[in-house]
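Take a look at the structures listed below.
One chain, subunit A, appears in both complexes that follow, with subunit B as partner in the first and subunit C in the second.
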Partner chain A sequence: MDLEVESDDFVGWTGRPIKCEINVLSKPEGSCIFSQGGTVVMAALYGPHEIKHGKIQTEETPAFQMSYRSKKGPPSNESRSLEELIKTACESVVFTRTFARHELTLVVQEMQNCGGILSCAINAGCLAMINSGVDMQHLVLAVTACLTNDNRIVVDPDESQLKSAKMSMEVAFDSELFNVIMVNSQGTSSVEEYQNTIGKCRESARILKEYFKSVVKKYAEALL
Partner chain B sequence: MRDTIFAKCDSEFVAAAIKKKKRLDGRRFDELRSIELHFGSDFGCAYVTLGETKVLAQISCELSEPRNVRKNEGNLFVNVEIHDMVCGVFETGHHAHLAVHTNRLIEKCIKDSRCVDLEALCIVSEEQAWEIRVDVSVLNYDGNLVTCCSLAALAALAHFKTPHVTIENSEIRIDSIKEHEPEPLSLHHYPILVAFAIFGENDDILLDPTELEEKVCESELVIGMNSFNELCGMHFSGRTTSNRLLIVNASRQASLVAGELVKLVKTKLEIDNETRRKNRGKSEGLVSAIHTDRILSASQDRSTLRVTQREIEETARSFLEDRQKMKVSEVESDSTQIPEPSEDMDTEEMRPVFRKDQKRGVEVPPMSSFGQDWAPSGNRNAWTLPNATLSDAESDDDEDDVDFVKTITDEDRIIDRIELNDSEEEHDTIVLQPKELK
Partner chain C sequence: MDLAAEPCFNQPEEVCKKINPKKYLKDHLSQGVRPKDNRRLFSYRSVVGNVNFIKNCCGSSIVKIGSTTVICGIKNEVTSPSKRFQNKGLLDIDCKLSDHCNVSLNHKNRVVLLKQCVSLLQKLFIGLKIVDLESLCIAKGELVWLLKADIVCLDYDGGFWDAAVMALHLALSSTKLPVIEYSPENERFVLQENTLVDLPVGKFPLATSFGVFQDFVFTDPSFEEEQLCSSFFVVVVQDNAVKITQKRGGYPISDVKLMECINVAASRYKIMEDVIRAILENR
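This part shows the complex of A and B:
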C-alpha cells in the first residue's frame, strides 16, 4: 500500500525514536529492553516449561501466562487490565498447542512510563518472543495514536500530547494481513474519526514491521 | 524454567579451582563484577546491573498518619519483589524464602541502620507524615542479590525527592513539581550490603559470588557497611569456620567495597543532576541503559565454565617470559642465531585475544535509533527469506538450552542431590577428625 514499505528504509516513521536491545537477561529464553521515546519496558519470555500444579491445559485455554509488573507498589487494577490487554495481543501469535502440557510465561516490567506504555509493552513482548525462538504465526505490532482537539491524528504521541488528546487508542496488528488483534481506546470520537485513526495506526505498523525485521537481521548475525 | 541445575562435576570443579585460588570467570577473590547504575527520568528510580544480576528500584511516597508509637516520625517500607520465573525455583516455598530473606536484609541495612532521617518526614506531628515505599524488583538473578538490591535501593533513595508541602491555616497542600522545587530525602549515611561466599577449608573468602559459587560454597556472609566504615548489619549462614579472623578480614574488605560503591552512587547522582540542570529538569533516564552496539549472546559469553581472558593472558605472559629467558640465555651463549622477527609475529598474533572485553558480549556495529535520525543501513534487501526459515535459524542457537533442560529428569536431580549431600558429610568427617585429635 505504501511505497515506503517496499523499500528498505524507515523514513515514514513519524513517532518517537525507538531503541531496543535483545537478549539482555541470562535466565529467560528470550528477553529484550525496548524504548519508544522516554517509555522503557523490559520483556522476558520463559518456557516452554511445565505447567504448575493445579492448572490444566484445555483446548479453550492455551497455556500462556502473562504478568505485567508496574514498578511501584502492589499490583493495581490498572496494571491488571494492562496485563489482560497485553495477553490478548501476544497470546494470539504463538502456536501454544505445539507444546503439550507446557506453558509459556511472558513477564513485562515497566521501567519508565512517558505515555504509550501498552503498545511499547506489546512490541517488547513480541521482540522477546522472536528472541526466544518460539514458533510464531506472525508478529504482533502495536501502535498508539491520539486525536487532538483540532482533529489531527498523532501517531505515537508523547505524554503531554496524550493528556490533552480528545481520544487516544492503542491498536495491535498482525504482520501478515495487518488485521486488528486488539484495540483499547479512551475518550470520544466519531466512528469515522475512529476508523481513520486505526487506518493511520495500520500504516505505522507496516513501518514498524520493517524495524523489527532490521532488528532480527542485525542480531541474527551475532547470535548465529 | 526450573532452578538452574549444576552438575556435581561442575560444583566439584569450582571447589577445586578455588583451592587453586582461581575463579571461573577469571576474577580475583576480592573483585566485583562489572557494575552499571542508571537513574530513571522519574525521581527515585534506579536500575542496577551487577554482572548478570539485574535489579530495578523505585521509591514512592504518600501522606499518611504516623504510627502511634512514634508520632513525630514518618514511615519507611521496603518490598523486594522476585517473580516466580526470575529466580528459577519451581517449587513454591523456597522462592518465597529467598524474597523474604533479601527483604529482611535490605530492611536491616536501610531501615534499622537509620540511614533515612524519619523525623524529617514528619509534616504535622501526630497528624501527617510522609510514608516512603521502596519497591525493588529483581529482573534477573545470577548470585549476590543483596549487594545489587541494596545498591539499587540506596541509589534510588538518594535520587528521590518528595514534593514540597505548604501548610496554610492547618491545611496541608502538596505542591506539584512544576510549582515548587521538590526536596531530596535527608540521608545520614550510605549503607551497602556486601556479600561473600566462604570456602572453609582454606578460609577462602570470595567477594560478589555468582549463582554457582553461592550454591557450592560452605557458608555465606553478608556484611552491611557504610562509607564511614561503620558496621550496619551482618548475616552469616551455613557452616561455621574455625578461623576467627575471617570475619574481621571480610569486614575490612567490605568497607573498601562499600566506599567504592558509595562513590559510584555519588558521581552518578552528580552527572544526573548536571543533565537535569541543562535540560530543565528532564533527563533521558533509562533510555541510556539500552546499548544498541552490543549483544549478550547466549552461545558463548554466558557459558559459566570457560577459559577466561585473564587465564590466556597469564599463560601467554608466562610463555613470553619463558621465551625471553631462553632468548637471554641464547644471547649469552650465541647472539647471532636468534630469528628476531618470528617473536614479533607471535606477540602480534596474541594481541587480539586480550582486546575483547569480558562479559560485555559480542560487539556489533552500533545501530542508530529508529525514528527521526534513522539512517538506512544499505540498499540490499536481505529480508527475502520467509519468516519461517529465519526463526529456524535463530532457534538453532537456543536449542542447546532447551535440550539441556530436557535431558535432566526429576530422578536425576534427586540422585544428584543425595550424592552431593553424602560427599559433603564425608568431607565433614575428614576435616573434623584431625582437629579433634589435636
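This part shows the complex of A and C:
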C-alpha cells in the first residue's frame, strides 16, 4: 500500500514543506521517502533477521547495522561521521529486549541534498521504523536550525541560509520528554543563543510529532 | 596496576567491581565521586604538555591528560595547489592509535572513532578558520605549503578527542616555516632555511568531553568509565563562544544537564588558556 501525506494537515510548522510517502519499496520490512523542501532521502529497514557475523549483542545496544549512502562516490570522513550520528540516534529508539540474537539493518540513501540532510535522514529512518512495525520506545524527531548573522533563529533553513549562517545545529529529540538524543552543531554562538536555539528546535519537534501521528493515522485506519 | 594483573579477591571492593561493574560505577556516581583518584563528577584530570621536542618536524607537541598520551607532529612539504582553490594551502590531518594502547577493536569502533575525530578536527581547524589556509600560500597558483599533521596516541586512558584537539593546536602554534622567495635572476624559487616564520594560528579551542552513564553526566571519562558509558558529548569552546558540540550515542539527556555541560566547558576556558600560554612560552 502506497501512501502519500503532505504537510497541509498540520499547522505551525515554519520550515520548508514536508512531504513523505511510506511503503515505497517491496523488499524491506519498512521503507519511506521523505522530503523537506529540496532535501530528499529514502530510508529502508530490513529485519529483524539472524545475526550472520559474530557480533555480540549486549543488554543496552541492540545489533543494529546502518549504512548511509551519499550521492557522490565512496564514503568520506564527513559521511562516516553522519552515518555514526544517524545510527546512534535511530538505534536508541528500538526496544532491545524483544530482539535477542537478531539484528536490524537501516539503509539511508541521499537522493538530493539542499541542506539539513542529517535531520532529514533521521526523520526518514524513524518513519521507516514506524512503517516496519518494530517495537519502539518512543519516536525520534530531528530538527535543523541556524542562527543568522543578525541573531535570528531560522528553523529548517534552506541551503543558502545555512551557508551564510553564523551557527548551524541539528538536534534530535525523543517524543516523550523531549530530551536531547543527538546534537551536532558548528559555528560561533554564545551560551544563551545556543540555549535559545535548542528551545526553538524543541517547539518545532513538537509540531513534527503531530505530523508523524497524522502519517500513522492515515495508513492505520483500522486502529481508529 | 598490580591489581589489574592479578585480581585480589579478598578485598570486597575488588569483588564488587568484577562482578557488577555497572553497579560499582553507579554507587560511586550517586555519591558524587568517581571510582578512581577521588575525582568529583565535573573535575578534570591534570594536563601536561610540551612543544617542539621532535627535531625533524617543523612543529610538534605532546599532551598528557591523566595517563592518556598523545603526540602530534607536523611535516611540511611544498606542492602545487588544487585547481579550484589556487591561493589555499593544504592541511592534512590523520589520527592513529598505536598498538601500545591495547584498545580492543570493539572499543575503537564504538568510542574512539578515529574517522569522526578527524572530521571534527577538520571542521574545527579548517572550517572555522583557526588555521587560515590562505596563509599557507607561497605564490598564487604556483606553490603552496602542504602540512601533514599526524596525531598518534601512545597510551590510551580515555579522552582522546580532547587531547587530539589540544595537541594539534599546540603543534600548529609551534610550527615554524622557512621562507621561500622568488629570485628573478635565477628565475626560480629559493628556500631560505635560516629565516623561519611562525604560522599564524587563531585562539586556542578547548574541547571537553562528557560521558553519559544512565542518568549521570561527568567530565573526562577514563578508559574504564568509557566502556560503561552509553553516550558521549563533546563541547568545543573558544573565548565564551560555543564552537562545536556533538553528542553521539543514543541515551537522551535533559536540557538542564546539557546546559550544565556547556557551562562547565565554558568555565574551564580561562584556566586552560593560561596553561596553554605557559606551555607555549616555555619552549
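We adopt the following convention: the second predicted complex is superposed on the first by the 210 of 224 C-alpha atoms of A that agree within 3 Å, B and C clash if a C-alpha of one lies under 4 Å from a C-alpha of the other, contacts with A are read in each partner's own complex, and residues count from 1 in each chain.
Note that a contact is a pair of C-beta atoms (placed from the backbone, for glycine too) under 8 Å apart; a residue touches a chain by one contact, two chains touch by 3 or more.
The structure displayed is predicted, hence computed values, not measured ones.
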_Quick check for you: in the superposed arrangement, does A:N77 touch first (subunit B), second (subunit C), both or neither?_
second
*Could you tell me if A:L85 is touching subunit B, subunit C, both of them or neither one (first, second, both, neither)?*
second
*Touching A:I22, do we find subunit B (first), subunit C (second), both, or neither?*
first
_subunit C versus subunit B, contacts on subunit A by residue_ = B
*For A:S185, is the partner it touches subunit B (first), subunit C (second), both, or none of the two (neither)?*
second
*Where on subunit B is subunit A touching in the complex?*
1-2, 4, 40-42, 45, 47, 52, 54, 56, 58-60, 81, 83, 85-86, 88, 90, 133, 135, 137, 139-142, 284-287, 289-292, 294-299, 302, 362, 364, 367, 369-374, 376-383, 387, 390-391, 393-399, 401-402, 405
*Where on subunit C does subunit A make contact in their complex?*
113, 115-116, 118-120, 122-123, 127-128, 230-231, 233, 238, 240-255, 258-259, 262-263, 266
*subunit C-facing residues of subunit A, complex*: 60-61, 77-78, 80-81, 84-85, 88-89, 91-93, 167, 169, 173-174, 177, 179-191, 194-195, 198, 202
_Of subunit A, residues touching subunit B in the complex_ = 8-11, 13, 15-30, 33-35, 38, 40, 42, 44, 46-47, 49-50, 52, 67, 69, 71-73, 105, 107, 109, 111-112, 114, 130-133, 135-136, 138-139, 211, 213-214, 216-224
